[in-house]
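Here chain A shows up in two complexes: once beside chain B, once beside chain C.
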Partner chain A sequence: MSAVIQALLIGILVGALYSLVALGFGLIMGVMRFVNIAHGSFIIIGGYIAYWLFTLWGIDPYLSIPAVMVCMFVLGLLLYRLTLAPLLKYPRAEMRMDKSLLITFGVTWVLDNAVTLIWTPDTRSVITSYSGSTIGIFGARVGLVGLTGLIIAVLIAVFLHLLLTRTYFGKHVRAATEDSGAAALSGVNVQRTYLISCGLAAALGGVAGVVIVSSYSIAPSAGLSWLLTAMVVIVLAGEGNITAILPAGLILGVLQSMSTLVVSPAYQQPISLIIFILVLLLRPNGLFAHGGTDGR
Partner chain B sequence: MGGPMADNRMKAYAGAAVLALLVFLPLVFDLGSRVMNVMVTLFIYVILAQGWNVIGGYTGQVNLGIVAFFGVSTMVTHFLWKAGLPIYLAISAGTLSAVVLAVLIGLPTLRLRGMYFAVGTLALAQAAQTIVGNIFTRQVSMPGSFSAQYSLSPRYYLGLALACASMGVVYLVARSKVGLAMVALRDDEEAARVTGVRVFRYKVTALMISAALAGLAGGLYGYVRLSFWQISSVFSPSWTFDALLSVVVGGAGTLFGPVVGSVFLVVLSEVFANTLGQAHLIIFGFVFILVVLFLPQGLMGGVDLLQRQKTSLRPETERESEAHRPGPP
Partner chain C sequence: MLDPINFQRNDVLEVNQINVFHDDVQALWGVSMTIAAGEIVSLVGSNGAGKSTLMQAICGVVKPRAGSIAFEGARLDRLTPHRIVDKGICMVPEGRRLFPRMTILENLEVGASVKAARRTRRETLEWVYEIFPVLKARSGQKAGTLSGGEQQMLAIGRALMSRPRLLLVDEMSLGLSPVAAQSIAGVIRQVNTSRALTILLVEQDVQLALSLAHRGYVIENGRIVGEGRAAELLCSEEIREAYLGMGSSKQ
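So, the complex of A and B:
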């Protein structure tokens, strides 16, 4: 029984990280209908910035989050201006999505190789004085770092939810998501909304990177598997359904973690793939879709 | 259409000249193992890139996991060859296994549009790498007698033959009914469906052809490489990415584009890897981004564009005029 509770708790912690990883990807996907392959690289770069701040100046990774967010926000703005904005000239959404896939793939290629050049291909992690400490909950042990990651993920998800539902910016985002043409006619600056969403998405990726570098480790090649995790979470949540990302991530984390009770932990990624294929086949609009909508 | 015809004849002559050079040069001169190795690698890249070209270039379905077909074929070829089968049968079996895998993957993922095919194939390739890495933890290699007889020459000629065959396949497919359907569903899936193209069936067919070519490349790789320190490396995403990069840079949906792209990638890598190190890959990335932004038809399309401007002011094709039309914000 305690093994089950342990697996459940670890699943929740991992799942929170999964949703954090997916939030930025889902934002770009939902708002602009762009597939941002470079999101994995953003996560990795965010982690490396935190790593540098920690090893060079001794700044605690969780305190460095604002600085990382600012850096990544700027990088996100650059990504939009230089590579995504030119794609808006394509009239059909489908074509834009394909082009965005290709172009952000090129961005990933550049960023990953640049990261390898700067930080070498070695695996890096941040080890603080409290890295090893654990807390007992219901007889199970949970790492302090993982718990902090959960709290950050929930805070960010709530922040994003409030931003999208309670502010004018959020209104603009939702309007641009529903119908960019109609939004532009009613006075929404669609370009600026896209620009800021992109910066925000990169900043969210950076936060995920900070949590990853302090609770796991990062390497230049790891971006791809985090990207894949983000994609699986988005498929579970349903395209454009940003509020469903947190529960979807938690479900994926718990399912993966529970699966380790049955099969070897080495097969976690194939298991998320099976979940992914099943969801695609049975509920192509995500676990949380309320029928009717066709998702595009 | 006199211009493009003459243009094609020019391309055919140039191709024949290059082919003759590739066939006879190693017979006359001893090129040395370094050059021969680069050439064999180039052939593998061309075949794999043509595979990606069929599904990604002509059919417009971005496949981020073509390495799954490549890797499966490499493994099947390796183990069957080790079991005593002649290499030609082993490569055929490897190719067949790739096609079977394509059907298995294609049936669920090709039903969905948008990014799901890309994600599904990427996920599958990553999962394959993980699973194979978990099963084969030790070095996998052919017995010593194979490495004693190792010679680059048959590998070079088999590679050349298969590369030419892959070009032939793409040429024939592009001119067949299947090829027309592929291009139609790439350019406008809804319109193709409405006019009676069985979109799903042709997507699966395209994926099978693509997988067969990737399988050939994988089989050739299994023939060239006798030992794998970690055999899961044949599922490394960099294979997919190299293929994608060569096709898009060279010209997606063109016959010679993948060849140009592969030459660009392999030969320039060989030249710059020693002088620039990692930086040369970053430069490739920038070239790729610039091509996607400004040359939708790749370097081959860029050449055509130049010729067109030089000869006459022929009206632009539909596809390009669509791309250049300023859309809504």
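So, the complex of A and C:
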């Protein structure tokens, strides 16, 4: 029984990180119909910035989150201006999606190699004084670092939810997600909404990187495997359903963690991919779709 | 066509000799028109004649390759759609194009996005709710759950939220029941008389379009082929024959 609770708790912690990894990716995909392959690189760069701040100035990784977010926000704006904005001249969303996939794949190569030049190909992680500490919950033990990661993921998800439902910017994002042409005709500056969304998505990726560098480790080549995780979560949540990303990540984390009770932990990655394929086959609009009343 | 109204006209919109293309196909050929302050103008023509294209050109969705469009003396034809809304022109697009997964209130709030409209949002919202009480009653409901007539009310309400001085309504009654179409027409007349709102209308029911309007333009194959007071157009032999199915021969 205690093994089950342990697996459940670890699943929730890992799942929260999965949601965090997927939020920024899902935002760009939902709003602009762009597939941002470079999101994995954003995550890694965010982790390296936190690593630098820690090793050079001794700043605690969780305290460095605001600084990381600002840096990544600027990087996101640059990505949009230089690579994604030119794609808006294509009128159809499918064309943009295809082309964004290729272009951001190229951006990934550039970023990953730049990261390798700056930080070498070695695996890095941040070891703080509390890195090994654990807390007992219901007779199970969870790491302090992982728990902080969970709290951050929930805070970020709540922040994003409030931003999307309470502010003009958030309503513009959602309106542009549903019908960018109608949003422009209603007076929404769609270009600027895209630009800021892109910066925000990169900043969210940076936060995920901070959590990863403090609870796991990062290497320049690790971006793509985190990207894969983000894709699985987005498929579970359903494309364009940003508020479903947190529960979807938690479900994936718990399922993966529970599977270790039955099969070897080595099968975690295949299991998440099996879930990915099953959801695509059985519920292509995600676990949370309410039937087909969208009118699309 | 000389019209006595012309002597005291105050033209707010001037479309001057525009050519518009969809990809390589020319849709409008040297189209010119004017709208005076406080007027309702109807565009009449068959499907594919270029009515919607003209509306889209005014809103900046398509750019004319030649000619100019001016609103209150300022050029519009180089501006993006949201800047044109900022200038005081808002369109109710064909097919409503609401944001179905957002609530009615949120749809209206998005309508009040431009700077000037944000300042007067509360007041405008009261006004829109006064015109369409059903929207107030359902303000928390998702827009996708509304009936066709209610959706058109919301689409008009969303456009009014930007406090336009010129309202464009594309395909006002398409897909609506006759009762809903009449009630929408009543609202158009009401906002025109109570707030002196200038309106450009595309409506497939030519009888309804011209009975609402002060003046009308007739478009055929991308060219303006007729213009005049709505009442006169409604009586003209050509219009009756081409669009109302009432030829000179007995019906």
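Following the convention adopted for this analysis, the second predicted complex is superposed on the first by the 292 of 296 C-alpha atoms of A that agree within 3 Å, B and C clash if a C-alpha of one lies under 4 Å from a C-alpha of the other, contacts with A are read in each partner's own complex, and residues count from 1 in each chain.
One rule holds for everything that comes next: contacts are C-beta pairs under 8 Å (C-beta built on N, C-alpha and C of every residue); 3 or more make two chains touch, one makes a residue touch a chain.
A quick note: this is a predicted structure, and the numbers were derived from the prediction, not measured.
Chemist: Look at A:182 in the shared chain and tell me whether it touches chain B only, chain C only, both, or neither; answer first, second, both or neither.
Modeler: second
Chemist: Determine, under the contact definition given at the top, whether A:136 touches first (chain B), second (chain C), both, or neither.
Modeler: Neither partner.
Chemist: Per the contact definition in the header, classify A:171: touching chain B only (first), chain C only (second), both, or neither.
Modeler: In the superposed model, A:171 contacts chain C only, not chain B.
Chemist: A:190 in the overlay: touching chain B, chain C, both, or neither? Say first, second, both or neither.
Modeler: It touches chain B and chain C both.
Chemist: Return the chain, chain B or chain C, that is in touch with more residues of chain A.
Modeler: Counted on chain A, the partner with more touching residues turns out to be B.
Chemist: Looking at A:58 after the superposition, I want to know if it touches chain B, chain C, both of them or none. Which is it: first, second, both, neither?
Modeler: Neither partner.
Chemist: Touching chain B and also chain C: which chain A residues?
Modeler: On chain A, the residues that contact chain B in one structure and chain C in the other are 181, 184, 190-191.
Chemist: Within the complex, which stretch of chain A touches chain B?
Modeler: 29, 35, 83, 86, 88-91, 94, 97-99, 101-103, 105-107, 109-110, 113-114, 116-117, 180-181, 184, 190-191, 224-225, 228, 231-232, 235, 239, 264, 266-267, 269-270, 272-273, 276-277, 280-281, 284, 296
Chemist: In the complex formed with chain A, which residues of chain C make contact?
Modeler: So the residues of chain C touching chain A come out as 59, 61, 80-82, 85-86, 90-91, 93, 97-102, 106, 109-114, 117-118, 144, 158-159, 162.
Chemist: Going by the contact rule at the top, pick out the chain A residues touching chain C in the complex.
Modeler: 168, 171-172, 174-175, 178-179, 181-191, 293-295
Chemist: Which chain B residues qualify as touching chain A in the complex?
Modeler: Where chain B meets chain A, its residues are 60, 62, 64, 108-109, 112-116, 118-120, 122-124, 126-127, 130-131, 134, 189, 237, 241, 244-245, 248, 277-279, 281-282, 284-286, 288-289, 292-293, 322-329.
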